[in-house]
Structure formats: structure tokens, C-alpha cells
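Just below is one structure, and these are the notes that go with it.
Labels for the chains are A, B, C and D, by order of writing; each one numbers its residues from 1.
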Amino acid sequence: MKKSNLFDKFRHSRLFWPLMALTILLIFDAFYAPSFFKIGVLNGHLYGNLIDVLNDGAPLAIVAIGMTLVIATGGVDLSVGAVIAISAAMGAVLINPALGNQLITNDILTADRTNTPLGLIVLADIAAGTLCGLWNGLLVSRVRIQPMVATLILMVAGRGIAQLITNGQIMTIYYTPYFWFGNGFILGLPVSIYIVALVFVIAWLLVRKTSIGLFIESVGINSRSTHYSGISEKNVKLFAYTFCGFCGSIAGLILSSYVHSCDANNIGLAYELDAILSVVIGGTLMAGGRFSMASSILGAMIIWTFTLTMYTIGIPANTLLAAKAVLVMVVILLYSDQVRGLINRLGTKKGGSNVESN
Amino acid sequence: MMETPYILSAKGITKTFPGVQALENVDFSLKRGEVHALMGENGAGKSTLIKCLTGVEQPDKGTIEFDGAAVVVHSPQHAQEIGIATVYQEVNLCTNISVAENVMLGHEPKGVLGNISWKKMNEQAAQSLSKLGVAIDVTKPLGIYSVAIQQMVAITRALEFQSAKVLILDEPTSSLDAHETKQLFDVMRKLKSEGIGIVFITHFLDQVYEVTDRITVLRNGRYVGTFETSSLPRVKLIANMLGRSVSDLDDLSRSKQKVTKVEAGQAVLETKEMGKANYLEPTDLCLQKNEVVGLAGLLGSGRTELANLIFGIETPDTGELLINGKKVTSFSPLDSLKNGIALCPEDRKAAGIVGDLTIRENIILALQARYGWFKFIPLQKQYEIADRYIKLLGIVTPSPDQLTKNLSGGNQQKVILARWLATDPQVLILDEPTRGIDVGAKTEIQKLVLDLAGQGKSCIFISSELEEVLRCSHRVMVLRDHKLVAEFGEEVDDQTIMHTMAGDL
Amino acid sequence: AAPATPAPAAPAAAEPAKVEPTKAPEAAAPAAAEPTKAEKKEFTYSTMTMCYPQLGAESDWRTANTASFKETAGELGVRLIFSDAQQKQENQISAMRACIQQGVDIIALPPVVEDGWDAVLQEAKDAGIPVIIVDRSVKADKSMYAAHIGSNMVQEGEKAGNEMNKLLPDGGKIVELSGTTGSGAATGRAEGFRKTLNKNIEIIDSQTGNFTRAEGKPVMEAFLKKYGKDIKGAFIHNDDMAIGAIEAIKAAGFKPGDIKIVSVDGTRGGFQAMVDGWVQADVECNPLLGPQTMELALNILNGKPFDAETLTKEEVYYPDKAAELLPSRKY
Amino acid sequence: MWNRIKLFLLNNGTLLFTILIFVVGYFICGRIYPAMQKPQVFFNLFINNASLLLLAIGMTFVVISNGIDLSVASMLALTTVASAALLKANVNPYVIMPLMLVMGISFGAFQGFIIQRLKVEAFVVTLMGSFFCRGMAYIISLTSVTITDPVYKSLGLQKVLIPGFGKTYVYLYSVVAIIVFLAAIYIAKYTRFGRTMYAIGNNEQSARLMGLPVERTRILVYAFSGFCSSLGGIAFSLALLSGYGQYAPTMEMDAIASVVMGGTLLTGGVGNVIGTLFGVLINGTIVSVLQFNGTLSSWWTRIGVGVLTLLFIGIQMLFQLGGKKKAS
């Protein structure tokens, strides 16, 4: 009996549905793209599609963590893509500010040099992104602009700012230590996975081991009541947006490290939408309130598993977008109480004596 | 076809919510041309029964007969179409659209092109409202008016249905004053004489005995019985509702409770000419240790404003606020919380509960706010606190992990009270704490207030029930037109206060 | 986002415009509409106002193209009215309308797509302002604009196909990373490539990488996981994607040259990849069209003979010269 | 009389202020760039933004009912491709246009159904709808499809002279947009559907308990937005005489921005279509100013649009705050 209780508990946990979706996707892969599961060892580290999902999905997972908090407060952050571009631009420019207007000389290209120490680059990266988050937070919590509008402003202007930083150039990075974040390995696994874990742990400690998580949920559900309870709902929102900016900056760091460059126009393109989708696939409501960061990370993994699956089975390019729409819709319909009710009813009929437990 | 005397009857209604059996096999029948009271404690299932009758919820079991034929009511819209007009508990109107629309939408007068005729609509709405003695600008959005006005508008809307055969009123009087209530009753009597059946829910026994013909009592979701009002003594009614003897309750509500003596000394809380332009005139108020000060006034007299200013919801622009003799410099709920002030707000739904949080989380919310972001109350401690207050206030719930939005109105109010008691405040401001609360709980809350005063706390008690204010308070201050107009000691009688409130003294 | 578009041929610019007297008067139709202007005034660079509704700043190629126009205008003293349409055709069109109302002398238009220009070209014609189509072409009637200057995407694809043939004389399987689905550059290059590709070379997979580094990488990753060592070559529609793809190839443990790569653009990044040995051939696509366009504009305005169709010359670069040329690349 | 005017001014403060900002802003721009004083420049706003206006009208309704529709731009693109492809297949243009409208309406209604009945977030449903429509457009054709049909050509190039302004003109589709705009004003103010929309936007639960037809209204609102999008698509294909899956990238964001600038709150229940018209005009003016300036780098254009948007919303909010203070 205990076992079934455990299962029931699991079934009602927030991780259940995203895990289900991921499993179904992987089962599909098992049939149509068996190579998906091959994991080999190459140069002393693991290598394979599943590793790629983790590695490529890392920036999205990180952004999704921040986005979860913002959405939980009942807001949304459309600017994360632009924030990614700004922080990546910051890093690229600090590594080599000479690249902007001047011709590259061979010694720049071959020299593994940087104008700024790595630590400072990372700090500046993070500072830039966090500052953007702070700006969003101030607009939302102090100026009281609706979240979608407030972040739309940075969404539009942000890539312009990133271009301003890089002087409109696509900046290629030639500094090897910087590549470690996106391409390095620790104990056979990509560094980016550890970064996700680190950000998650920081966020989790911050949110669940303090009262911030409770406050965020409370603000998301009823910000007026929260205010009346003596909680500074402004600061709670400010925190969420700032943290989301912080997450964006880390994602910017990894993404620019992946491809050794910063293309202000394209880096992190549409990440805001994918991040929102990850959060929603993870079962957090866009109206705010209860949230689960782990589910959002799963959501990000679902999106990347799907993307790589499509590449692998070779879906024609022109049907990709429509296929993605249908998949995500199906996953999200699983959250609809109506649809779930239907599934549960079918399950109960089959199970016969299934008793609804509390 | 056989004409039954019953216009609406329900048999064997059963409704289960996750973890709560809200209704179990409840029968209810309403005659044409009667006023029928539905009575029961908080959480007895009154509102749920109404919701089942009007299609908001679908009952798990049971049948409904309307006008001699079995019906399944799909939705509130359907209910209206067949002739059931309803005013739900907690005002349920749209605050952004005009008063006239709130009254008329759904049966708005049409112009030549089938368009809405705004002129006619405004006229009709104003006329209907005036029947209840409300004269307001109907073109203004509803949201700018007080809860009481909104309640009147909701009632007007229900009455506006020409074809209605049944009118259901779920605690319509909880935020009305005596005069407005009387006007409502006049209208009810008139409708009754036209053969309309009226269901009336209230926690005010006086009102029940004033207008109703029959009473149906629910207890814990179960049907207790239906009685002729005239043949059911109050004590019996209460006994039926509570399912226990009421002699002790009776004692409590009749005897003066103010056992503690207030010692003059350092005021705990003092306002000096504190006010805010367009909000509240400069006001002096002084609260001693162990003291309960009652605020009396008509609706819209500025009591809530005074409470909000003291608690820091709004920042005063004149005068000063002293706590224990120290001047308060920054105003926000958090500052007040740290200064030991607590406020149970008037608008429970919008400013009180956080519906999707559990009862436990709601109760510890303010305490946690005082501890700050990083001093997290351990889970076990949270449960301890929650359990303590659930017991202390008698909150009816299967577990502290129930979502607060699933509680009945009265129990939600208790949760908010618990939230503030948990912070162990020095000054407790209660704005309409007993609205929508049953007799038993009401007495408990009154007792609690006095107990607190006995333990060295102070209290500001706002209520529209004069009797209640008098019973609990050591001093009564009367507000009128957003201004403090008079202050009375313990010996004042309600007549004096009433005249002061009305301004004819 | 529309991607790196082509338009090769800095050297071609230097060549004198071929005289095609019959076409000139007709193309310079504005002269008829505003005779006073044309007759009275001999245009010089410093009296000419040119409108350039740039399409966006989505790629290296595009920013180099913008810079070329701005620099040239600065050097020659041409008054340039520049705007950025952010990849939206509607913005390009409204920018053209704004230019018409400002009464510019000539409009140089880098169209985002070939269709949809009829109405606004007509408006320009009515206002007597000649239009030069830059880079991509438009489908409107030839009488609607004065001249076209740009490159031929199909030709680029053909060149890439020839290079691939040379690199894989014994045939083999290759993959294609194509540009943004539906963009002229992507369709043209794909079409040309297939035209010249030998029969013994098989394109086993083709997927879009949207002309960006970030998407080039995962697409290549997926190819490598799926086909592994079967892949002998790759045709990649621009250098940005090539750089992304090379990251994936590196990570999969391949050595430079294991997979023969033919790319398009000839940007600095592409050259660097050639120096490092990853890319075997890079088909140039020159964005520096500023000088050529301005000269053409002046000829049109002054009623001098000009070439109504200028095709920019396309070079192919190889690793041997890459290291030498790299420092001189402007973009 | 004066009282009535005063009342009108008070009740419509935000809207009037939006209009005032537009007028003053346009005037200042006209001083800086004299070419902008030409009437044709003003009417170009209606030519350039006809489709945006149509999309924004539908979006206004959706936003008022407390929803959001991210699929509008993709639906527009799909309409252009589908109609171009059908024209190529020699289908009668007079069959195609109603067909496209039916497509838009039914897709909108379908989205509304999922949102309302299955209780899925509007943001997500319409985002997926947007992916789906663009995806379908790509499946129909990857490249842009030219329209050579004479009917489309003559409709698309048909100018309508503005009476009293000499040779100043707009195109036929601009007139269509204005007609829809007027109809939308009527619907919003004078029909039960319109008023219910406002009620739902404020509080859906209340609207339901008031016995208003919540489900039907919400589905209709999305259907209306679908109608506006496909009509916008027809206008777009007339203007450009072609169909292409990548047309109007991110126009949904422009539409939302216009709606917001017009004073409609994204939280629902408040706003109107007249404001949206001015939102669209302001949006168009911002773009025009940057085009008339003609010296800015592309990144300054983006930053400029962002800053001007912020500035505008800031001014509007200040005014709203002031208005609230006065009202109380």
C-alpha cells in the first residue's frame, strides 16, 4: 500500500507531468532515432546526443530558473534575450576592445590574449545582466509599469545597446580560457551542466531556505493582501527581476563561449519565448503563484530534446516550426484540468477499483 | 398540470470538494411569495447550496425542481434565464464598468439599431437604485464606490430582472447599515407580495425574525430542518445551528464583558492632528494600554481611512503619529508591523487572504514578514503556530494545508485574524472583523478582543453594528464625513451615538 | 532574420561602367518628370542626396554593407539619409515613402525580398526619383527602377558546387547547412549548388541554421551524431554558421580537413577558419557596394550613360592565401 | 453645455491626453523636419500602418477581455501566402478573400476555445498558434509568391484621394482599415458583446456570476482578432502584391505596443479602440522620425524606439496618476 501512496504522491507532484512528457519524447526517440541514446567517450569526456541536450539546453535552463521567479510574481520578462546579448557583448568587448573598428592583425588572432583578466570579464558580464534585471525590476515595482510593457522596452532597446557596445560588429573571441564555460569538461561532463546546477542550488537556497519563495508566491497570488501583511511586495518583485537578469547574464556568458563570439543581433534570439515556454511546460501558471524551478528546468530539457530529435530524424526544415507548435501544445494541454479529468476518468475506468485518495 | 406551492425545491443535494464534504443530502424548498432564511454556522454549506441551485457548481447528487419541472442548471446565465436572480456572498460585480452597466448588463435597453441605448440605461439604473434609496452617479465606474454601495448595486441588479420568480440573497446585509437594511426589507416585502420567493442568508438573528417566514437550518453540510419562523424561539434556532446548548453563549452576549480597567498613563498609540488631504481630516486619537476604542460612523464616514493611515497603507501629510511616545517617521505596513500594530482589513477578498496559499502559510505570513527575508520559520514551527490558531479560533478545515480560498467566508476572516494574532501585536486594528461571521464565532471574536485588552494589548474596533461596538469598547469615537466628531466614554447609550453619527445632535 | 546576402566584387567597381546609351534616358525617367532640375543642375557628389533604407543589421555582411555606404558618403560628401528597417519590409517601404516626401535625389534600395515593391516604386517614379536596387533583385517591371547592382546567389551556389567537386573528386556523402528558410540567399545558393554538383556526391541531409553561429552548432552536432564518419563534406551557406559548425566538428573529435567545408561570404571569421584549416574554400560575397553605387547614382542623375545591370564579381578564396589576405579583410 | 464638455473631458482624460501627445509630438517633429508638414506624410501613416491598425484593433478587444493574442502577425503572413498560392492556382480572387476571412475567424475561434474551455494560458496558446501559422505558411511556400492577379493588382494600387487635400491620397486598404475601426468603436460601446468584453476583462468570475455569456464572448473576441488578422493579411498582400511566410516579423509586438500606448491596460477591462488608433499613429510617427532623421546607426534606431516608448508610457502614467488624484 505504501508503494501506491508514494506513487500517488509523485503523481501529484509538480515534476510528474513534465517528466511524463520527457519520457514520451524519449520513447519516441528510442523508436525513430535510436542513435539518440548512444553515449560514447571522446577525449576523456562523455559524448552523445543526450549530453548535447544537457549542454545545449543549459543556457535555456538557467534563464528558465530566473523566468520562473518572475512569472511566479505574476509578471513576465520579455527582455532576457536582449539581456543575454548585452552581457555577451560586455564580455566580448572586454576581451578585445580593439576589434571594433580596426583591422585585425595576425598577432591578435593567434595570440591567446585578453585585455581584461577573466575574473573581471565574468564579473562585468554578470554585472551588466544584473543591472538590466534591476532596471526591469525598478520599472515594474517602482514606476508600476505593467511587466510586459516594462520589459518590452528593454527587449527593443537591449539589442541596440548590445550593438552599441560592440560597435555593430559581430565580435569573435580568440581568448581560449573564455571557451571553458561553454566547451570545457569536468569529470567527463560539460561545464555548463555544473553551472546550471550551481545556479539552481543558489536559487533554491535563496528561495526555499529563506522566506523569499513564500513571499514571491504570495505576491503572485494577491499582491495587495501581501502588501497589507507587511511584506514589501515591491522589493520582492525587484528581487525576482534582478535575479532573472542575473540568470540572463550567465546564459549570455555560456552562449558566447559556445560559439566564440558575440553577435548582438542573434545571440539568445527568442530565448524569452523559449524560457516562458519552459516555465509553462514545467507547470507554473503564467498568472503567478505556486512555482517549481526544477520543473522549469525539465521544461527547458523537453524543448531541447525535441529540437535535437527533429534535427536527428531530419524533419524537413519547413515543417519544423509547425511541429514544435503542435508538440508544445500537446504537452501544455496535459496541464488543463479538463483534459486531465478526461485522462483520469479513462484511467479510473480501466483501473476499475481505483480509489481517489487524498 | 398540478400547481404546487413550491417554486423551487431541491432534494438530496450532495457536494464534495477535495477533502471537504460541503453538502450531504440536503433538502430545501421555497414557496412562492415567502421569505425563507437559510441559517447555519460559518462553513455550514449555505453558500455552496446557493451555488448548486444557481449553476455555479454542479451538485454531485440530487435533483432540483423549478416551477414544477425538473431542471439541471448549467450556469448562472442559465439560472437567470429560467428566472432565478442571485446576489452572491462577497460582492461579485465588475468594478471597471459603470454602475448603470453593472445593474443593466444582460438586459440592457435597446435603441433603434439594436444598439445599447445609454441614455435609457442610465435612467433606468438610476431609477432602480433610487428604490433602494441610493442616489449616486451611475455613469461612474463601480469601483470608486464603497463596498456597501457595491452591495446595493448588486442587489439592485438582482431585483432588476423583471421575469425573476426567485430571488436569492447571500448575506446581502453584512455591509449595510440599519437604514439601508430597512430599505432592502421594504423592497423584499413588496416582491414577496408579488409572489416572488426569496431566499435570504444572514447571520443577524434580528433580521431573520424581522422579515422571514420560514427558516432552514444547515449544520456541517447536513440538513437539520425547516421551521416556521414564528414558532422557533431564538434559543432553539441557535441550538439547532450549533448542535449544542446555548446557555453559555447567551450569557456571553448579554453581559458586559469589559472586566479590565484602563489605567491612564503613557499612550500606546497617539495621533496628533494626523490627516491627509482628500482622505481624512486631521484627527486626534489616543489609545491606552488595555483599552479598546470603538469607531462608529455611517458607511463612508472615514473609519477605514483612519485605520489605513495608522497602519501605513496611506501616508499622512499632516500631523504626527506616536507609538509609545515615539514619533513614527516612515509609514508602511512593514513599519507598522515592526511597531507592533496590526490591521485586519475590511476587504477580506482583495486585501486579506492570499487565496492560493494554504491556511498555514496565510497564518504565518505577517509573522514571517516581521522576521524578514532570511529568518525563515522552520516548517515544524509553522505547523505549530497554524494548529494553535486553528484551534484557538475554531477554524473549520480538514487540515492546515487546505487552500484558504476553499474556506467559507467566515473562516477566511478567522484566518486573517490568526495571521495578525500570530505576530503578537501591541495594537490590533480590526476593521469589520465580524462581517459575515456566525453568532458563535462573532461572540468568540468579541471575547478575544476583550481578552487581548486584558493581557495588556490595545485595540481599535471598527464595526457597523453599534451594539457590538458598545459592548466591546471602553471608549467610542464617532466619525462623520471623514472627520472625528465626538468621543464618548463607556456609559454612552446607542441613541446618543446614533444621533451623533447622523449629525443631528 | 535575413542573413548574409551576397554582392561580391570590389574590383568590379573600379571598372568603368559599360555604356548602354539606349537604356539610359528611359531608366532616368525622372528627368522627364522634373525637367527643370535635370536641366539646370549638374549633380556632384556634394550636391547629391541619397536615401538608403537599409534592411537591418542582422549579420556581419550587413553591417559591413552599412559601413561601406556611410564611409563612402562621408568621403565623397554625399548627403546620405539612412534608416534601419530591422528586417521588416513594411519599414523599408515606409522609409522609402519618407524619402520621397523629403525630396531626395536618388534612392538606393537593398530589398529584403524580391516581391512587394510595385506600389512604392510607382510612387517614386511619380515623384521623379530614380531608384537603384542594391544587392538582391526585385520582381517589378524593369521600367520601375533605374538600375540594379548586386550579386547572383545562384552563381555563388554554382561556384560552391564546383569547389566541392574539386575537393571530393571521388564523390561521397555531404551535408548542407542552409540559411534562413525561404530567404533568397538560401534558396539561390542551394539551387546553384545542386546544379553543378557531381552525380557521385550525395547530399544526405540538409537543415537550416538560420545563418547564425548559435544555430549552426546544434544542427551540425545532430548531423555528426547521426552520420558520424560518413560525412565527407559540408556546404554551409555562410561563414557564421560555419564557425558554429566547426565547434561541433571539433567537439566530435574530427581533425581539420576530415570534413571538407565550403562556405560563403569571405568574412574575417571565415578566413580565420581557413587559416586554421577547417574551411577548404570560401566563396566571396562582397558587401562593400558603397563606392560603386554612388558612382552609378551620379551617372544616372547627370544623364550620363550607365550600366543598368551591374553584376558584382565573385571570387573564391582558398586556405593558401588566407593568412596573407586576412589582415586586409574589412569585414 | 460647458458642464457636459467638462464631464466628457474628465471621463476621457487618458484618451484625450494620448491624442494631445500625438498632436504635440507630431507638431514638434514637423518643426524639426519640415518635410513632415506635408499632408501626404501624415496620410502615409495610414498607408504604411493599415495592416498594423487592423491587427491592433483585434488586439485591443483581446487585451480588454484580459487576454493576449500573439498569433496575429503570423496569421497575417499565413493569409498572404495562402492567398498568393491560391491565386497562382487560378482560384477566383472573390472566393479567396472571404475564404481567408473564414480561415482567420475559425482559427481565432479555435484558439479562443482552447483558452476558454481547456483553461490554457492565452499567452501560450497564441504563441503556439503563431508558430503554427508561420509553420503552415512555410509549408505552403518557402519563398515569396508573387501576385499577378489583375483584380488584386487593381485593388492594391487603387488610390483614394482625400477630399480637400488636393493630390493627397491613401490606398483603398487604408479606407477598409478605417471602416473596421469605426465598426469596432460601435461594437465596443453599443453592443452587449462589447460591454461583456469589458466586464470579463475586469473580473471573469464576477461576469460569470452576473450571468453574462462569458464563454461565448471570449471565443468571439479571439475570433474577431482572427478576423482582423486575416483582413490585415489581405491588406498586406494587396499592398505588397505577394505572399511570404516571413512577412511582418514581430508585428504582434508592434500591435501590443500600440494598444498599450493607446491607454488600454494589459490587465484587462480598461481601454478603447480610439486610443489604439492613436497608439498606431504614434508608433508610426516614431518610426517616421527616425527615418526622416536619416543619420542614426541601426542600433540607435532600436535604442531610440525603446526610449521614446518609455518616455511616452512614462508621460501617460504621470497623467493617469494626476487624474486619479484629481478624481478622489
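Here, a contact is a pair of C-beta atoms (placed from the backbone, for glycine too) under 8 Å apart; a residue touches a chain by one contact, two chains touch by 3 or more.
Bear in mind that the values here come from a model prediction, so they are computed numbers and not experimental data.
Comparing the centres of all chains, each the average of its CA atoms, the largest separation from chain D belongs to B. Averaged C-alpha coordinates put the centre of chain A at 35 Å from the centre of chain C. Averaged C-alpha coordinates put the centre of chain C at 34 Å from the centre of chain D.
One inter-chain figure worth recording: chain B and chain D are separated by 44 Å, centre to centre, where each centre is the mean of the chain's CA atoms. In chain C, the residues that reach two or more other chains under the touch definition are 56-57, 63, 66, 181-182.
Contacts with at least two other chains are made by no residue of chain B. Chain contacts: chain A has residues 163, 168, 317-318, 320 touching two or more partner chains.
You'll find the chains touch as A-B, A-C, A-D, B-D, C-D.
Put simply, chain A touches chain B in their complex at residues 209-212, 214-215, 217-218, 221-222, 224-232, 289-290, 358. Per the touch definition, chain D reaches chain A in the complex via residues 68, 114, 117-121, 123-125, 127-132, 134-136, 138-139, 142, 253, 256-257, 260, 265-267, 297-307, 309-310, 313-314, 317. Considering their complex, residues 33, 35-36, 38, 40-41, 44, 47-49, 51-52, 138, 141-147, 153, 156-157, 171, 239-242, 244-251, 284, 287-288, 290-299, 301-302 of chain D touch chain C.
Residues 11, 186, 189-192, 195-196, 198-199, 201-203, 205-213, 269-270, 325, 327-328 of chain D touch chain B in their complex.
By the touch criterion given at the top, residues 2, 51, 53-54, 56-57, 63, 66, 80-84, 86-91, 93-95, 97-99, 101-103, 113-119, 122, 139, 180-184, 187 of chain C touch chain D in their complex.
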